[in-house]
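First chain written, first letter: the chains are A, B and C, and each begins at residue 1.
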């Protein structure tokens, strides 16, 4: 499986080292500790009466670590379902996530985190960088098995940048609320990934289709990813919501949505799968759609009742998508979506945006009390922006809550779907990244030194090293 | 492995959807945000001088997430030790846990969480729902491999309901302390599961016994479950104890009990196992008994010294149970306890109740100082109950701490063991659930679409898809 | 694979039970709850105006649980890369960690945690015990596959004791700062392990070399360990730093260091590995070196920029170490370092000490403000010590920050490298522990009852139990 075209000896080191050097230089020039991480600034706050226990670290860090687990274990292992692509699934996930979180810190800082010409970093920027990384990993799911790590790094550079622009437009310009990222993370990541998959369409991919499936243990590894994503989704959706009841409520709404989604998924899977049996693809993916679908409305007074209805719907459309829509996407639209991200992140993300718009429109002082103001003020509003954009927020219309919410939440789904760049097409199609040929997709051996096969007892107890074999042959 | 009797195409969807619809309707009618998750109520508290940082979310949620990991990863993967039952172990665990936590919210709310006709939900109800779910999963362990998912859902409906009744009697009526659930969770779950296993006794189960064992990698997957349960047990036992020293002490006592238990387990396993070698069954299970056994006394001034003694004893009886008692249970009492839950949860749970009674009896003002009052007041006491039960708490005798503790802690183990319902017998034995025949127990293929076999290198690099094979054959 | 010399039926139980009994007795005599876990003491503090929410449990426990996961899942699964040593890797890791954390509580308490003749325990002692355990597990990595569990327990007894002495000298006597343990944990653990590996040198180890390698799924299991270590390293380095900006900053510096380290690792791995492909050994190990290397300086004002440079260097030297240094260590110095701990913990630990010295030397009031005093006061200083050592802290010179830091941080690496005891040689070489012969190293079967082989479909669906086979043969 060695091939000079896919040999990474030069390409990957050059890409990794150049990117990291650029990042380090930009960090040196632009990035500063924020007030909660800077020794001098924090001690000034202490002198003004703050307590060390007020440091936001204690109120965000546990959620951050849950999100971190979702990014690295959750997404990484979810994609190990392919029989011979486990190293790449976990390994490339690891690589591009480690890159994307650094690049995201810079891009998000540049577009909506500048303070006097510097990007301030702390626990909230870490969570937001992980969120942006999640979006890149969703796109990775769409092209899984068909790209080289260099290609993925280039994709990350572009996607992270566009993500930050889109996030700025949706949250700061349009003033939408989207704490769990139904729109900014899931819908954006899914449709961006589908676009890349379309551009990189491989007409002869069926030459690798015997590897585009799972084996028994690879499906079990994938369940590690699924369960971690499922468990920690309440932390994901609540990680950057306002402290107090907002964060508490968001976590609980997500918990109920996911539980209802799981029952819908099992029920529907048995209906549509072959022979009344359950299909691991549905369980691994559709059971998570409930988390995506309350990403926007989770922080609102959706109620457990409402959350369960949303979760139930999300699981239903996700299973149906895997069964009926994915084949159409591949055959008619030439989108080869390896992990089915359209069913897990795309459609549930759009559902989430709609649910968010409706829920926001129904918000009344009677239900929210003094909490209503939180719903109307996004945390981004007070954040300084680059000079050339500083006037944009003024464009936001100041309507009544219900009208404003409806128009804005709906409007805000548009850029999410559109901004994703056709710029990518030509750059990612260039034949310079060492992408695998159609005949060796979904195969670790092309980029990884593989160990000996998992063998029978004979293999393990008899000779297997080259020199011992040589002796025997001699 | 396809059989119309075990075909779930209708049964599972009907069960899932009916149950979820009932749950959603009941949630709509009965469930409300509590004061810490409701925007209006919480902002009233803020107006009265509370801080957002006082929200209980910050003091319970990290523990909740640890418990959540135990329920979904811990229990789920612990049961993957069977060679061909990994999909079902993790997958059915996922399904019934997602169902049970919703049903438990309703049942626990109904029996001891009603406020003006509404069930209030927040982080504490989420933890308690997960606890109840844990009890169901313990019972699942006893019948693992021999039941259909529909049967498990019906079992969950009944068990969760009885759990809530038993919990109400033990904690509210008898006024026992049982934060970590030695009695209410572990003993109840274990003996309930054993009763179900007895009722569902299969005289011809040895026809499937070649599948009732592990393979190398399935045992490694099971260790993921074991280690997560072990690590997070301190969070389990301390998740709903009083804030401050109680929660801190409970976590630490559990930590020491588990450490001592682990050494006892390794030592005893080498003694009793074949040929002086270690037995994975012991390591996977008995090493956890120390967490069960301090579930009641962990919040008391048990001291690290006392915790270690309890843990050491628990590990010892658990290993001995696996070696000597399990075969007797199966042969004489006709209880086929697949995971040996009697050894991990049953006996150590009883030990925990005894230790709790003794420790509570020894409580003095000299040791506890002003903390003694916390020991005497259960957190349930102030909780309103349904009208028909509102007089019951008055029955509680107000004795001296030592006498009261002794009688009550002992009394309270009785209902735990007895209440578990013989009602179950006839309902769960009905031949309508699609349960597997005796010849195909412990086998994923009956309910899951299985991928191709994990094959040799030849298989992976040569043709394996049906149409390619067809071509070759033609 | 049964052999009376390696039979553990007596040895392991005797070791486990004697050690546990000694520990329990010492705990009974010496260990007390600290003020935050003792009911009486804590309620006195409450009476003096503290709040239950001030209990340190809430500010340390989430970090503790992350560290706990690193110790039991991280280290345990990282070592499962060997094809037939997964049971031992996870299982012996579990055993010696459960032992070491108890012994460490005693030894660390004895050397720097005595209060009126008693060792006070709480969340901080639990974290420190886990840290010490980490050091033992690093050493375990060096001798992986070549030792019996009894031998490992004896090693743990000695190493934990020396660790506590070394920690006392470095932190209390020399007054160095080392919150993340670059020196005390990683450098100490690595060089101690290498010394043991040297002493236990096996000239005929190549007889087992066909088992000293991975298979496909064992490498995936190892990635679980890697990713958990990587994700939670920010918690590891910040777990015992001062509350407030220190803890926040440490976590963030570590996060950035690891991200940069990962890109360096992937880049370098493709350069040095065979054929331009990535080598799992590098990814599994070198990507973590960034966490080790900021263990000392992470709490200082290293800046994200500085952290990334350090991480990038650490990943680079670690990959180069695996490629070029490990073979030399084995051939010339006769050190058979199974996991390459020298590359992951040894060299990056030394780098971390140097970085810490430089960063401390550059500390100025201008950068740290009032936070400078935190850097100069170690948390250990106020801790009482055994009588015979009570005068030692007075020896510390009180120089200017920069000079003091330079001399002390450098000085402090010396004892770290030297103290590790040659006492071990003769004790661990005794032929009484049931260590495996050279021909059966890296093999679970010698100490574990192994299940049947993971077989083909035929094996699973046809007879495989002894009595069924007998019938067939008859």
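Note that in this section contacts are C-beta pairs under 8 Å (C-beta built on N, C-alpha and C of every residue); 3 or more make two chains touch, one makes a residue touch a chain.
Per UniProt, the chains are A, B, C = Rh family B glycoprotein.
This structure is a prediction, so every number in the text was calculated from the model and none was measured.
The touch graph of these protein chains is complete, with an edge between every pair of chains. Superposing the C-alpha atoms of subunit A (Rh family B glycoprotein) onto those of subunit B (Rh family B glycoprotein) requires a rotation of 120 degrees, given to the nearest 5. Remark: subunit A (Rh family B glycoprotein) and subunit C (Rh family B glycoprotein) have CA centroids separated by 32 Å (rounded to whole angstrom).
Shared interface positions of subunit B (Rh family B glycoprotein), i.e. residues touching 2 or more other chains, are given as 58, 62, 84, 217, 224, 453-455. Every residue of subunit C (Rh family B glycoprotein) that touches subunit B (Rh family B glycoprotein) in the complex is listed here, in rising order: 2, 7-17, 19-20, 23-24, 27-28, 31, 33, 36-44, 46-47, 52-53, 55-58, 61-62, 65, 68-69, 72-73, 76-77, 80, 84, 86-87, 90-91, 94-95, 98-99, 101-102, 121-123, 126, 149, 217, 221, 224, 447-457, 460, 463-465, 468. Note for the complex: subunit C (Rh family B glycoprotein) touches subunit A (Rh family B glycoprotein) at residues 54, 58-59, 62, 66, 83-84, 209-211, 213-220, 223-224, 227-228, 230-232, 235, 242-249, 251-252, 255-256, 258-260, 262-264, 266-268, 270-271, 273-280, 283, 287, 301, 303-305, 308-309, 312, 367-372, 374, 453-455.
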